[in-house]
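Sharing a structure here in structure tokens format.
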Amino acid sequence: MTASTDYTAQEIIVVAGSKVLEDNKIVFVGTGLPMVASLLAIRTHAPGLIPVFEAGAVGPPLKCGLPLSVGDSKTFTGASYLQGLNAAFELTQRGFADYGFIGGAEVDMYGNLNSTMIGDFPDGYQNPKVRLPGSGGAADMAASCERTILIVPHDKKKFSEKLTYVTSPGHLDGSPNARFNAGMQGKGPYRVITTKGVFDFEEQSKRMRIIHTFPGETVDSIKAATGFELLVAPDVSEFAPPTVEEIRLIREEIDPTGAFVKRA
Amino acid sequence: MTASTDYTAQEIIVVAGSKVLEDNKIVFVGTGLPMVASLLAIRTHAPGLIPVFEAGAVGPPLKCGLPLSVGDSKTFTGASYLQGLNAAFELTQRGFADYGFIGGAEVDMYGNLNSTMIGDFPDGYQNPKVRLPGSGGAADMAASCERTILIVPHDKKKFSEKLTYVTSPGHLDGSPNARFNAGMQGKGPYRVITTKGVFDFEEQSKRMRIIHTFPGETVDSIKAATGFELLVAPDVSEFAPPTVEEIRLIREEIDPTGAFVKRA
Amino acid sequence: MFWTGLSPDEAREALVNKDKSMRDKRMTLKEAVSQFIKDGDNVGIGGFVNVRQPIATAHEMIRQGFKDLTLSFQSAGMGPEILGAAMIARPDHCSIKRIELAYWAHEAFGLSPTWRYLAERSMVEIEDWSNYNISARFKAGAMGLPFIPSRGPLGGDIKDSNRTKIMDCPFTGRPIALLPASNPNVALIHVQAADMYGNCIIRGSDATCSEIAMASARTIVTCEQLVSHELITSAPKDVGIPFPAVDAVVEVPYGAFPGACRRHYYFSGDEIRNFLGLIAPISKGGSPDALKAWFDEYVFGVASFEEYLAKLPFKRIMDARAEEACAIERLA
Amino acid sequence: MFWTGLSPDEAREALVNKDKSMRDKRMTLKEAVSQFIKDGDNVGIGGFVNVRQPIATAHEMIRQGFKDLTLSFQSAGMGPEILGAAMIARPDHCSIKRIELAYWAHEAFGLSPTWRYLAERSMVEIEDWSNYNISARFKAGAMGLPFIPSRGPLGGDIKDSNRTKIMDCPFTGRPIALLPASNPNVALIHVQAADMYGNCIIRGSDATCSEIAMASARTIVTCEQLVSHELITSAPKDVGIPFPAVDAVVEVPYGAFPGACRRHYYFSGDEIRNFLGLIAPISKGGSPDALKAWFDEYVFGVASFEEYLAKLPFKRIMDARAEEACAIERLA
């Protein structure tokens, strides 16, 4: 397993994301890098991973290649179930999704995500400074998958003390049983994968915590790039760089056109 | 159109029921005589009638013959839509069913039907004198079809001042907007077909009213066989006896084995 | 207890803790029933009246014996009939505590003598719903919701026979009924085809089979045909129940007999009427000996549903097969 | 007004008064749009992101002009993009008043410049939902219910951006969200196949097309293939939208182009990026001339969607067709 010396920030996100996925579990896959990471997991350590896509496909073998959309024809072929959006989210609300794999533009220390707007909420809701696409299915996955895995590019402004808007609820305010008390199901955010490392949430406080630093980063460099106070796990370790084979799989087999994994 | 002189009580019910059905309307058909009456309507004046069955079939051409069940394979072949029970009742709750065609063991003057139990409700609910099959889909059709057509064999005890139990709600207590105020949709009972005549409901009082007497019956004979005070329409008329052709269709083509229309 | 199967939170927890992987779930019906049905369970029964009732599974349950079951179904015929008749014949061996239902009879084949017997003697707790009400309750369970709104029970007495709650809609101000979810402990479902992982294809009406399977903590599937995963998933939209909802897959041809199964066989009216005829006289004080003899010969006296079928006149099964072919012509 | 389309009672009334007979509903898209879409309508848009978006219908709407529309969709791409871009190019001719949505962007093809333009200039009222929330709202509308419960919006800010109400569940005591039904005035749905009565077959994900069609007062269906009633009903379970829910049936091959349509064509990324590229510079103060020229050439300058397609490089359409064939191999 030769370590690669030539990989991009998005590529290590994909590799780290893939490693979080357990074999034989059901993962509700959001659009973009989660799709690439799930395919990599299936091609490596998790051939029995069962992807679910919000347009409705459950467990497709994805033998036609990387979908460009979670409603893509490539997700439908060979699926074990295929109805519509309501059916996919009802499965999830019922408890069928072990993991949800989502992204966002901003994240806070409790794993809440914003993908709706930058500006002032509620007063400036109708007049956003930056209007983002909106939740899509992310809020639903966040509310009802048993655990969620988040992908957010690491950036001081994006790792924010206070979000403009909580699109996808994580551990809310971190208080005990916050999710249960709000009427939600599932244990909430489990891991965060960024361009700088891998994070979990400390059990009592539900606050984000460094568990792995990516090559070239340190606990301090990551803290410096984070807009809130990060906790540090007692046994924080360096994440092994992607292998040459993993990078080859991503570049040559999984996303050869760079649809989601940018080369630059 | 030669009048038949040889027909049974169930046969005239079928003929009268069929005549109430309008061409090109959607009718949600309950099990038993309503199925026979709907087939007769399709074979005579209403070729564009669209039957819906509670197991899920919408608009089947019924070319394989009389179904023995509303979940029968014969209702599925050639249907325009076929999911399950929820889908059929959701269509109805939404407003797709112009008519519902149902039966019951007992009826009151407001067209409420009982098909659940004879005895004492609520105190004797767990200890019925006679336990009937239960609502099936009749209560749902009664609650949400735009209008309902009821079939009840005429009998003083079955046409009752006070039902043990209201399974399928009609005009409730007859008070203005009673159905709307209860949260229901639809205009409620439209016609009652019995072994003795055809009845509608007087517009203000919502009370059952004789509109047609069957051959051999009079307003007085019908009143005498009814356990509540019947109203009489100003223009009550005798219902024409079934034609020889109608009886032939029922006996030879629609229900040749006497599955629902008993010969005796 | 308010919830007669699992509460919504228990139902979620059961599914979260379950192995949902795609693995071989084939086993014998004997294994499936002994592994997945427990005394006291709330049992969701699939099919509609006498269409796709899980008859083979009911036979196996009676062979093994069961106690204090709750049966939940919308409209059923031979499924509860045979389970209930077993309670009449062998109350020491088989017992039903409670019935949650919309309809129990046989349409063209008549009323249910077992239902009258058990209800009129107060031998079971009763909870009435309508077909849509209880179907919607399974749907709420399948959707992971604690309740679902419905207009179905408004205006009549059904809502006062059960756990429906009425509230004023916060959007319209008009009354609306809230139906509590049903999450049975175990679902019994008969389908036309399944693969070894539990992906199921249902032909004809789905009835509420998908909802019951998704709502339940465990699901036993019997199928007319066990086919390859590749064949099943060549038309993913035909899959009515996805594999993670299924725990056991058993190939049992004619598993809904004497009821009907679209594409395979029509009702066997003779067999249904024959069975009902064994029970009707008991209500009027007659002896249960003929019914007991039937169970001794066809259930307790055999090791499997296949052996029961083998004891029937072959013509009876071929007639049911031929009659179904009239409703749906297909090349083999 | 609380209800932005029809209220539940109005939606019921509209359907009760509608002619639901099985009759020939074929017409031109020009006739369908002029007959069934009115200024001020709440328009439900079918498909999912760039899959089966009703693009041909959007072109025709722009040609005819419209005012004060509300657009309702879960996740959409080119549908609102082209309608919104028409408002940027010709505000006198086309206007959108309000957007009820879960997501507006193009996944692998990037963000929506039109959405940013309209939202950041406060040119439209916004109501955010999640994909499940708004899908469930259409479903409530389709079910004839005033609302549906959901756990989806609990815990975040979406519920405070819209008309969700939270209550304590009367069965569990835990909080639960109630989502008001959506009953649009008109649904725009593109499907693979339909018969002249409006029975529709959808291949691949249904998205929420069935729900939107059943919830709406009127439905315009465009289809890749218009086929016989006999063929459609030879597999009744394949029918995703039944005829009584449909008002107009128009055969428009490639009617979702440059989006994708399962079995027929994959995304035309070049065409999507090309269109988005006309709008992006306008946000930064650039001229709208190129966008106007595009509309003049491809929408106002032609009489039909077929004429727009005829102006495109033939290879672009053949490429989309060939790429879809990789995902689903089929004999013609």
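Order as written gives the chain letters A, B, C and D; numbering starts at 1 within each chain.
Convention: a residue touches a chain if its C-beta (ideal position, glycine included) is under 8 Å from a C-beta of that chain, and two chains touch if they have at least 3 such contacts.
Computed from a predicted structure; not experimentally measured.
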For the interfaces B-D and B-C, which has the higher count of C-beta pairs in contact? B-C
Please compute the C-alpha centroid of chain C, do the same for chain D, then give the distance between them in whole Å. 39
Length of the line joining the C-alpha centres of chain A and chain D, rounded to whole Å: 28
In chain D, residues with contacts to at least two other chains: 144-145, 150-151, 169, 174, 176, 237
Residues of chain B whose C-beta touches two or more other chains: 57, 76-77, 82-83, 92-93, 144, 185
Treating touching as the only link between chains, describe the layout with one word: line, ring, star, complete or other. other
Identify every two-chain combination in which the chains touch. A-C, A-D, B-C, B-D, C-D
What residues of chain D sit close enough to touch chain B in their complex? 11-16, 19-22, 142-145, 197, 199, 214-215, 232-234, 236-237, 239, 242-245
In the complex of these two chains, what residues of chain C are touching chain D? 2, 7-9, 144-151, 163, 165, 167, 169-172, 174, 176, 178, 180-181, 203, 237-238
So in the complex, which bits of chain B are touching chain C? 31-32, 54-57, 64-65, 68-74, 76-77, 82-86, 89, 92-93, 112, 116-117, 121-122, 125-131, 133-140, 142-144, 165-169, 172, 178-185, 259-260
Could you pull out which chain C residues touch chain B in their complex? 48-51, 74-75, 101-105, 107-109, 111-112, 115-116, 119-120, 122, 125-126, 128-133, 135-136, 139, 150-158, 160-161, 166, 169, 174-177, 204-211, 260, 262-263, 266-267, 269, 324, 326-328
Hey, which residues of chain B end up touching chain D in the complex? 24-26, 48, 50, 57-60, 76-83, 90-96, 98, 144, 146, 185
